[in-house]
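Both complexes below contain chain A, partnered by chain B and then by chain C.
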Partner chain A sequence: MSLADSRKIRLLFLQNAPLILFLVLVLVFGSLSERFLSPTNFMNIVTQAAHIAIIAIGMTFVLLVAGIDLSVGANMYASCIVVALYMKGWNPVFGFAVAGFLGLLFGAVNAFVITRLRVPAFIATLATLFVGRAIALYLSGVKMIPFGKEILLLGRTTWLGLPVPIWIFLLVFVIAWVTLRLTTYGRQVYAVGADPEAAAKAGIDVRRILFSVYCIAGVCAAIGGLVSASQVAAASSTFGFQKEFPVIAAAVLGGTSLFGGRGGVVGTVFGAILIQTVENGLVMINADPYVYPLVVSAIIFIAVLVDSLRTGMLERLERRKIRVETA
Partner chain B sequence: MFQKQVQAPVQAPLLAVRGLCKSFFGVQVLHDVGFELAPGRVLGLIGENGSGKSTTMNILGGIHQPDRGEMVLDGQPYRPKGPKDAEATGIAFIHQELNLFKNLSIEENLFIGGFPKLVRGLPFIDRRKVRARAKELLAAIDLDLDPATLVSRLSQGERQLVEIAKALGADARIVIFDEPTTSLTARETERLFGQIQRLKGRGIAIVYISHILSDVMRLTDDIVVLRDGHVVASAPTRQMTVDKLITSMVGRTIDQIYPPRASRPREGQPVLEVEKLTQPGMIKDVSFQVRQGEVVGISGLMGSGRSEMARILFGLDPYASGRILVDGQPLERPTPEAAMARGIAFLTEDRRAEGLMMDGPIADNLALPSLPNFAGGFGRLIERTRLGDAVERTGRDVQVNARDFVQTLVKNLSGGNQQKVVIGKWLLRSPRLFILDEPTRGIDVGAKYEVYKIINELAGQGTGVLVISSEIEELIGICDRILVMSHGEIRAGFDRAKFDRERIMRSAMWDSVTKGGR
Partner chain C sequence: MTPAQTTRLDRPAPAPGLPLWRRLLLSEYLVLFLTVVYVAGMALIVPEILTADTWRDILAAMIPLLIVAIGQMFVLVVAGIDLSATSVLAFSSVLGAAVITMDGGPLVGLPAFLVVAIGILAFMAVGGAVGAFNGACTTRFNMPPFIVTLTTMMFFSGAAIWVTTLLTDDGSSIGSLPREFVFIGQGRVFELPFSLLIALAVGLLAHVALSHSLFGRWLFAIGINPNAAAVSGVPVRRTMFWAYVISGACAGLAAVIYTARLETGTPVLGQRILLDVVGAAVIGGVSLFGGKAKVLWVVFGALFLTVVDKGLQLLGLSLAGVFAIKGGVILLAAIVDAQRQRLKGRG
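Here is the complex of A and B:
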């Protein structure tokens, strides 16, 4: 049985590859820069990672049913530009409510096109990516729009020693975790991701589940957008541009499979922090800014590669046998 | 959980099925099928592949609707519109391919259709109640596992038991097992049988479908034998023997016509030599030869390893040990490209999924595997005229029934003509060895005859042919030699002079006949 054992060890390694990667990165950056390992810096990393984590939590729902949403960056731009343009001076709670509602609408459009018109998720959300950005650019007149003071204040306020963006992120995280772990809906999301046909046979409304995950991703994109807004002060024409990349990467780095049914929001948060750690570490060691995308994309490539290897391996391990070997 | 029906008289059937008829695309697959299920009794349903077992059970399970006939459940007419209806009436179907979610825990699988809630109206799952109910259900089937264990960590046998627990949880009154023991070890099988006995004790009616006749003899109270969609035998198990069962399963089928075998296999170097080919969990010590111009048939039940062996030969799946020689030269670590380069052609079991581009025209499909042979000269561009001529010729050779090969899309052809396209595309490569897996499945008699003719002609030209088929009759009609597989091993070989339906069937049912079990 040594063959099976070595396979299991390889699988264990593959399953924990992001954690190993994280430790290696912390060691490398820590030895190159003293400031990197300070508690203040760690708090910075988490604060900066908050918006990515929030959007990636929404993305996790979509990935769990083997779907994808490329339009999250466009969604966050479109939802937030409305708040920046028309809601100056309002209580930020209303800002979040309106942005969240617009994000939900955006997600519902995706969901409708995917589940009712049966357009593959990849194409549907690629299209809404362009549509969403076009609407936002039209509304803003392609100008940089500053957010209201109350939003900016939010980014700087702390409560019980933690910045508000972290509180918002924690709230979203807890709700998502409870939903996925402790509700019927959450468990059915996993079931649909593993085997939609068997899920239908088990009496699960598969289409409803598929519809809902895109809506959740939409709400999270908008909320994550406003959190980001509180940190960057204004929505330029590149607000949310190419956000889908770190967001999907965060989820995948955290162990959520692109093939559905495996993963969860805890890993996603870890993935978001890992990505931010890389960016932060590169800043700390004064690396050439043009190197950032190269390093980040290399790490993401490793994550996706590990996911494929792991999936292939699990499939081989679970393949149905037709004869039983006796010892 | 289960409610005892106190007043029900002993003889009253729980479910009576009468006069079931069903046709698919004009072919009648069930003729007046009828049987009865009684509480606490096990009905064995047996028959060859394609005899109508699955269709019958799919009608019970609400997947298909019968054309004629009636089902009466507890004195009430039973007409399921879908699988959910069947489930709601208490019919649980335990498929060969289990319907469990491997990424979820045992308890989650048990309740995935509807979890108990913490507070009514709120979505939160009552984890404690789930745990308690799951423990109860697992205890009822003697499965000593933590309900939080992921299903992916369970053995095949344990998964089967979880399915039974699920049926119990759904208050099933009828449980249908479809070939439940094929991937179980001997001990797991014993355990399953123990549980089936307990289900009986609870007054649940059971349908047990299996090819392992010794198990059927041991486990069942009544047996129904299907052949070609007819009930050919129906009696209490104690009046039956394995021999009688085999004889009634085999019977005689409608006389089919086979073109005469004109040529004889050629002496000399065999096209294919397989030596002790082994892949754990799939096949073991498979050795045989195919000579030039010889038609060798592989018989065996589904899951006997026939298709798995063919896939290994063509390089689609790996093998652990053994040798494959083509024309005397070893074929090391085969890939489909390497196998094709050595002149092997492979017609898969599932032409829709693996063999054809359904949305492409006939010509493109025919040309696909031969494109490299027609690419030449500057830039290796494809020589369209030469290719077009060859495609046209081959299409006519295999008699694809279409006026224009470039315009007609494959999806618009009948099953028989589609099959001829698949055969044709491999003929274009003039193969040395042609492996055909179920070449006549689902095609009409006329098209079958034409496929047999093509096989004959190929053999006449010196090509070695390996035919895998569930229909023994067909193999007898077209082969020079028949090998019988069971449990991944070759159990017997018959030369043309010694062909005998019953003996072939006996070898395929090797476990039942020689060992009386496993």
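Here is the complex of A and C:
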């Protein structure tokens, strides 16, 4: 069956396309800039990718149930501005607790509008994006608000040779991975994403699962926001602006399907690092800064294209098992 | 309107027994009614909202928005979405202006009417090309329209700025547009703004295409049930493809008006009106789930949003306030749309 074989090879290629893309990019940037391939630079890339990875891990939960959350950037701004304004001098652990709680609230509002009022997820979160930014702009008075010293210290501290942002990212990653892979809840998320009706018939409370994933995305957005805060020192009025693009892109690049039910946090982390590698590489080779958004959006586009091709191909492959095609 | 369409496309006439709020919720004039209420309420705080000058501003702001929103409607009716419309405004403004600029442009020396004609075609072609790309991706590769147009939005707003830096020394805008072109945005015919005539023509054409043509029937059929449409012999992919092209071309035409008004091609054109474009259509009653649209509804929606904007501006609200109220209005419209669907499902 050479036809089926060639299809399987193509599928194998499509499934590993992001990895191939990553290797090509590393080779290209590495040949153009010597500094790019140094271990220090790789550590830099991971540190800079940490906040995107954390937010994208939350986004993965939402994408797994075929939802979307455009408000993560507004959420990180709104949650972090409170910490910047009112929690100077507090232990950063409290900062994370408060920001996480606010992020949870923000996510719960999204979840309520989507699951109870039945507004399509992207319109609901597009609207809360505006409202969230408005709240943050109102609180900050459209001024740049510096974060407290303790938050900044967090960004510079290293523990066991790794910067704290990476530790926070690893913690979020492990929790998310265990939740999705080893718990009943995780199985239910995948089940709802694959087929909500079948999931409901199997006795899963679909609405509760949908509600919970937006809350998780909210918490992750706030935590990722504070990690980002520890690196940028101050929240300007564009803090978190359009963060939803790289975040969704990271998840999709990592193989999480926009159609729900397929993907995972391991891929998402890989996607976040891939995007940061591109940005870092463009800086290293002194590319025209105006070209950055073009390159990044082109790479996201390729990722989505691959996802769609893969989805179509999987559907066709699965169909062959059921029905013998008559040539 | 033929009787057949009345039964299929319109909401059923609310039964007299229903409570008033429910009849109002289902009425197609709900948004117009809300606009009147808003203006009446605002008039108590800022009486300026009733002056002729204010309404001239409102009309001027509404015209290009309406044209983009009408294009958007064609995509929404097949249950798609076109988020790239604002980037098309910027990108075609820059490229179009580069074509017709009298400051060393390629058309210097040609007769004015030819320059204007080629210019308009260039604007719309740029928009149509982006739309064709969106359409090809969604119909050929089954990519979700939302993500496709999100990436094209990112790409072309970036491209608009990048191209401007290549074409100009200071990287800000492209000026020296011919006077005849500027007339499109600023001129008046019989005391009416020339751009209003364009908007009327677009509205009329769109109405015929949507409600009185085979193409329109196909759009609705796809929006209501794509599988059933395909089985019934509707060329689903081709029809959807053209919906995206129309959306892009409309955005290109709106860019003509914006650019002519500003007398420069600029890459920051329309950056903030994305929510307004989708919002105008949805608030008017065009469903995000597809299969429900009417040009008149979009007119009401665009009017409502523009009036709300102007009212907030007269109140002197901060950026945060405008953001909050606009986000709230969009949310409200989406919730109303969802509730309408539910009521209809029950009724």
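Throughout what follows, the second predicted complex is superposed on the first by the 319 of 327 C-alpha atoms of A that agree within 3 Å, B and C clash if a C-alpha of one lies under 4 Å from a C-alpha of the other, contacts with A are read in each partner's own complex, and residues count from 1 in each chain.
As a convention for this text, a contact is a pair of C-beta atoms (placed from the backbone, for glycine too) under 8 Å apart; a residue touches a chain by one contact, two chains touch by 3 or more.
None of these values were measured; they are calculated from a predicted model.
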Chain B versus chain C as contact partner of A:100, first or second or both or neither: neither
Partner contacting more residues of chain A (chain B vs chain C): C
Contacts of A:120 with chain B and chain C, given as first, second, both or neither: second
Touched partner set for A:225, first chain B, second chain C, both or neither: neither
Partner chain(s) touched by A:73 [first = chain B, second = chain C, both, neither]: neither
First (chain B), second (chain C), both or neither touched by A:291: second
Contacts of A:191 with chain B and chain C, given as first, second, both or neither: first
Partner chain in contact with A:261 - chain B first, chain C second, else both or neither: first
Common interface positions of chain A, toward chain B and toward chain C: none
Complex interface listing, chain A residues touching chain B: 178-179, 182-185, 187-188, 190-191, 193-195, 198-199, 201-204, 261-262, 314, 318-325
Chain A-touching residues of chain C, taken from the complex the two chains share: 81, 137, 141-144, 146-148, 150-152, 154-155, 157-159, 161-162, 165, 275, 278, 282, 288-289, 318-324, 326-328, 330-331, 334-335, 337-339, 341-342
Of chain B, residues touching chain A in the complex: 83-84, 87, 97, 99-104, 108, 112-115, 117, 123-125, 127, 152, 156, 182-186, 280-284, 303-305, 308, 487-489
Interface residues, chain A side, partner chain C - complex: 68, 113, 117-120, 122-124, 126-131, 133-135, 137-138, 142, 245, 248, 252, 258-259, 288, 290-294, 296-298, 300-301, 304-305, 308-309, 311-312
